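Two complexes are shown next, each including chain A; its partner changes from chain B in the first to chain C in the second.
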Partner chain A sequence: MVEALEAKKLKEHAKLKEYLALTDEVIVKKNGRDWSRDAFDLTTRVLHVNPEFYTVWNYRRHILVHGIFPTRSVLCTPPEINEILTTDLSLTTAHLKQHPKVYWIWNHRRWCLENVPVGPTEDDPDGWRRANWNKELFVVERMLDADARNFHAWNYRRYVLASTPVQRAEQAELTYTTRKIEANFSNFSAWHQRSKVLTSLWDSGKLDIKKSKEDEYELVKNAMYTDPGDQSVWIYHRWLVEPGNDYEILRREITSIQELLDEQPDSKWCMESLVFYHRLQLRNHSSRLTDTDKQGIVQRCLQLLNDLQAVDSPRRQRYIDLSTEVQKLA
Partner chain B sequence: MSEAPPLPSLARNSHIKHCKLCLSGLPSSQVEMDSSRAAVGFYCLGALDLLGAKITDADRAAWRNWLWAQQTRGKYGTGFKPSTYMTPGNDSDYSEYDTPHLIMTYTAMLSLAVLRDDFARLDRPGILHLIRACQREDGSFSALPVGGEADLRTVYCAFVISSLLDDWSGMDVDSAIAYVRRCESHEGGYGQTPFGEALGGTTYCAVACLELAPSTAASPRETRMSPSHRERTIRWLLHNQTASGGFCGRTNKAADACYCFWCGAALSILGAADQVDSAALARFLADCQFKFGGIAKAPSERSDPYHTYLSLAALAIYPPPAADETWKLPSLNVLWNATTETARWARKHIPASN
Partner chain C sequence: MNHKEALDREEVIDFVMSCWDEDAGAFGAHPDHDAHIHSTLSAIQILIMQDALDRLDVPRVVDFILSLQQESGVFSGDSFGEIDTRFLYCAVNALSLLGQLDKLDVEKTVGYIRKCRNFDGGFGACIGAESHAAMVWVCTAALAILDRLDEIDHETLGWWLAERQLPSGGLNGRPEKLEDVCYSHWVLSSLSILNKLTWIDAEKVTAFILSAQDLEHGGIADRPGDQPDVFHTQFGVAGLSLLGYPGLNDLDPVYCMPASLIERMGLKKGWQALPRRTN
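== the complex of A and B ==
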């Protein structure tokens, strides 16, 4: 047992020594403005061990710009630059798989992409860029397949879609989110992305908001009934309903959720949402309601909040506080 | 209602040992922490501060000196580096490669306050210059004056540094507040960047920022969060307390000890602390204690200084009812994330004296 510990300690020591030697060497080279191929390979080795060593990423880019790109007496040709950047993108894909959340790797990829030269020909000036940016979207999709909730990947996806030289139709992204959501209703990040894409399509007039929202209510209802315990769906539903100025839709959704609650009497999300939507009725539509209506709604809320104290006991105090709030609306 | 089993003790000595050990060195598996040493140091020292650990004079002096060795000057102003890993010699001036780091500046300043430094060596105008150099056109702050991550975490650090200095002249407050607001998520809470999903950590950062910055003509404090967003945020945060008693950091994720602080502290700032189930919270964190010391992100995981510190900070805000003496922790300044005593010391010694 002691021998095993000793062996482990020695191995640890050797690893640390190697790492420190590597980093010392890199520091010396960078201070000496060494832009050679050797220096470049050295940065590769250091970054393999520690991709968070951000100054080495900076040094690597300086080597590319000052050393490797201008390797001949004239500036490196565009095909060679494209080749080198494409290779760096491949290399960092491997890093990304090991370290999917390290900012500096994503950052380096951005730099590579943004520096891909125009070409290959005058007739096809976007060929190289299209190839690299499309591949990037593919890489992001693989990352999201591996971890659908990696928000670094989702942020990066938004960056790629916004920056790619040949723009994709926004509808295509809507379809992508549909695919991810249908694969897993709990994928909140996909629902979130969907809300962003729809907002953009509505704002630009590319999709009619009323018709589109109806489609969304259908989608959400399906998800709600499939798994009423999934928080993502209820957040998305609330986003669709708010600010709750359309009385007919508000009433319709309340009825729909009530029906679900009748089937699933312990569903805290049903109860919680009903309270919220009833409160919207009282706040936004009191002129349509008789005093009797209002009293009825208040009583309904108090009943639900009482049930919630039992069904969702960690938040007991919240429901007690809300009951006080609701009573003020009576 | 049946009696819940009594809360196990908080293994204070074990956690103190863990933090002291981490202060002296980390294993090779943690090599990625090399570029964040000043932050790791802060988590260790913060934990020792909360646990009332005895620090020897020799250690205190050594750590203070190490921290001051990271203060560095140059064309973008003055600040603290993460460590000496990019600096071979003893230059106190930096190059483009090893500029000071905004997050490390924040952690270094708080660490020095924990160590009761007199801050005579602090280059206050230089730090204001750094903040200015790091602020971007969209109002956010990059971690380094030459680039790097720019999101709500770095914004929070810039705000706390300014608050510690009691001097907001290093930034355009209105522009920064506008950036914070652009990070609002429809779920309630705030994402790391605009368009992002709400995250526990950045929600804390946002809520703290909006509270810290002085009112300006263009951004009076009362207008920084609409009532509906405040309500949404409180709701989102409260629903992050899972059945385990711990908080998760995002919709539909698992509980993680650090979010007990990020979400719990945000709720405290928003005045909703009484709606948190503090007994369940403590039970979760008790289970996160690692048998060899320190507190882990979840039960049966390995501990680390980050989760250890944040768990203790959460417990300082939410002392468990009906618990033994081991659970008694000093009060916390929630906005700066330091004990009230340390905050008092910082308030006395960090701002420039008139």
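== the complex of A and C ==
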């Protein structure tokens, strides 16, 4: 046992020594502005061990830009540049599988993509770019299959979609979020993406806002009934309702949440959301309400906030503060 | 923790200065590493805490920082152009500490933060990104430094932040994610800047942070049972300080530096921590 531990320690020590020697070597080359193929290969080895070493990523890009791409001495033709960048994209795909949250790897991919040359031919100037971008979308989807909440992957996905040489229909992204949400209602990253895509589709008139919103209410209602304790859904619902100018929808949603609360009397999110929507009612639609209505709603909110203090005690003070706010609306 | 003397002043200053990148005119994370805005802010913070700012080439560092602001208002981390609201905060914090905020295009900077605001009241790493507690903190703190907290919907963001607390007492960084000690710093500092620290259960967070301690070797891990590291120790202690844990110094949640120091520099903003307990 002790011997095994000792052997493991020795092995780790040797590995560390090897890594430190590698680091020293790469720094010496970097300081000497060595932009050779050897230096490039050395950065590959260092980054393989430690992809967090941002200076070496920088050095690698300097080697490419100053040493390998320039067409002065050894000719590096556009097909070769494309080849090198495609190889680097494959290499970093392997890195990402092991280190899906290292900023520098994602960052390097972006740089590679942006430097893909025009070509392969004059007739098809976007061919290489199209091929690489399509592959990126595939890679990022595999990354989101592995971890559907990886925000690096989502940010990168938005970047790829926005910068792709051939724009994809936004509807496709809406379908993608549906798939992700249906796989797991808790995936707030997908709900978030959905809110961005829908906003854009509504603003551009590609989707009828009224009809599309009704579809969303249906989807959300399903999710709410599946797990009323899942906050992703309630946060999204709030986005759908806000700013709450449509009085009929506001009333309908209040009734629907009240029904769910009747079934699940301890549901914190039902109570919390009811208070929020009742306050919207009082703030935005006070002209439609009689004084008796208003008094009733205020009392209802105070009752809910009182219950919330018991059901959700860690956030007790928030409910007390909200009670003060609600009283001002009376 | 009141043990500044635990690190030798000269050694600390020498190390910081050895990270200077002469080509770029700023600091890297380690000797011979390239300059980056993040390590540059750390270097400035350490030099100020060691009362050694006279060692700094202020004009060059200011030039470096300002050179990283993009047309959109956000900052990149270095010359390779990765952009993030974290780097925007580094720039705002550093310029403020150096008394050089007048050189910053405040409208442009605030304009970018505004575009990162989401319907849940929070902020992400760039335009379009999902709200995340760390980015909420950098945006909130940057706005606090620029006296522009009016850009925030306090009630909505306070709600989102309060909902980061899980039944274990620990805090997560996004809805339906796991708790982690690092969020103690980001969530609690943001709540403190919004004067809403009472919106979570302080006792339960305190107990969670303490339960992630390694009682044999010292330090705090991301969660109970894991290996401690210096990041989670810093984030855990920062959180405990804001929660009024006995015996700790006051932390300034805007600058993430000792509160007394920031107050002496005349930079204190209107944040509120919980009162320091005596036992």
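Criterion: the second predicted complex is superposed on the first by the 314 of 330 C-alpha atoms of A that agree within 3 Å, B and C clash if a C-alpha of one lies under 4 Å from a C-alpha of the other, contacts with A are read in each partner's own complex, and residues count from 1 in each chain.
One rule holds for everything that comes next: a contact is a pair of C-beta atoms (placed from the backbone, for glycine too) under 8 Å apart; a residue touches a chain by one contact, two chains touch by 3 or more.
Quick caveat: nothing in here was measured; it's all calculated off a predicted structure.
*Asks:* Given the alignment on chain A, is it a clash or a fit between chain B and chain C?
*Replies:* They clash.
*Asks:* Quick one: is A:61 in contact with chain B, with chain C, with both, or with neither? Answer first, second, both or neither.
*Replies:* A:61 sits against chain C, while chain B stays out of touch.
*Asks:* Taking the superposition on A as described, I'd like to know which of chain B and chain C A:15 touches: first, second, both or neither.
*Replies:* first
*Asks:* Counting only touches as set out at the top, which of chain B and chain C does A:155 meet: first, second, both, neither?
*Replies:* So A:155 meets both chain B and chain C here.
*Asks:* Tell me which partner A:239 touches in the superposition: chain B (first), chain C (second), both or neither.
*Replies:* Both partners.
*Asks:* Pick one for A:50: touches chain B only (first), chain C only (second), both, or neither.
*Replies:* In the superposition, A:50 contacts chain B only.
*Asks:* Figure out whether A:315 sits in contact with chain B (first) or chain C (second), or with both, or with neither.
*Replies:* Both partners, chain B and chain C.
*Asks:* Could you tell me if A:111 is touching chain B, chain C, both of them or neither one (first, second, both, neither)?
*Replies:* In the superposition, A:111 contacts chain C only.
*Asks:* Who does A:27 touch here: chain B (first), chain C (second), both, or neither?
*Replies:* In the superposed model, A:27 contacts both chain B and chain C.
*Asks:* Once the shared chain is lined up, is A:252 touching chain B (first), chain C (second), both, or neither of them?
*Replies:* neither
*Asks:* Please write out, lowest number first, the residues of chain A touched by both chain B and chain C across the two complexes.
*Replies:* 27, 30-31, 54-55, 58, 103, 107, 149, 151, 154-155, 158, 186, 188-189, 192, 195-196, 230-232, 235, 239, 242, 313-318, 321
*Asks:* Which bits of chain A are touching chain B when the two form their complex?
*Replies:* Contacts found on chain A: 12, 15-16, 19, 23-24, 27-28, 30-31, 49-55, 58-59, 102-103, 107, 149, 151, 154-155, 158, 186, 188-189, 192, 195-196, 230-232, 235, 239, 242-243, 313-318, 321.
*Asks:* Would you mind writing out the residues of chain C in touch with chain A in their complex?
*Replies:* Its residues touching chain A are 28-29, 32-34, 36, 78, 80-82, 118-120, 124-126, 128-132, 158-160, 162-163, 165, 169, 174-177, 196, 198-201, 204.
*Asks:* Using the touch definition up top, name the residues of chain A that touch chain C in the complex.
*Replies:* Of all residues in chain A, those touching chain C are 27, 30-31, 54-55, 58, 61, 103, 107, 110-111, 149, 151, 154-155, 158, 186-189, 192-193, 195-196, 230-232, 235, 238-239, 242, 313-318, 321.
*Asks:* Which residues of chain B touch chain A in their complex?
*Replies:* Within the complex, chain B contacts chain A at residues 27-28, 31-36, 85-88, 95-98, 144, 146-149, 185-187, 191-193, 195-197, 199, 228, 238-239, 241, 243, 245, 250-253, 272, 274-277, 280.
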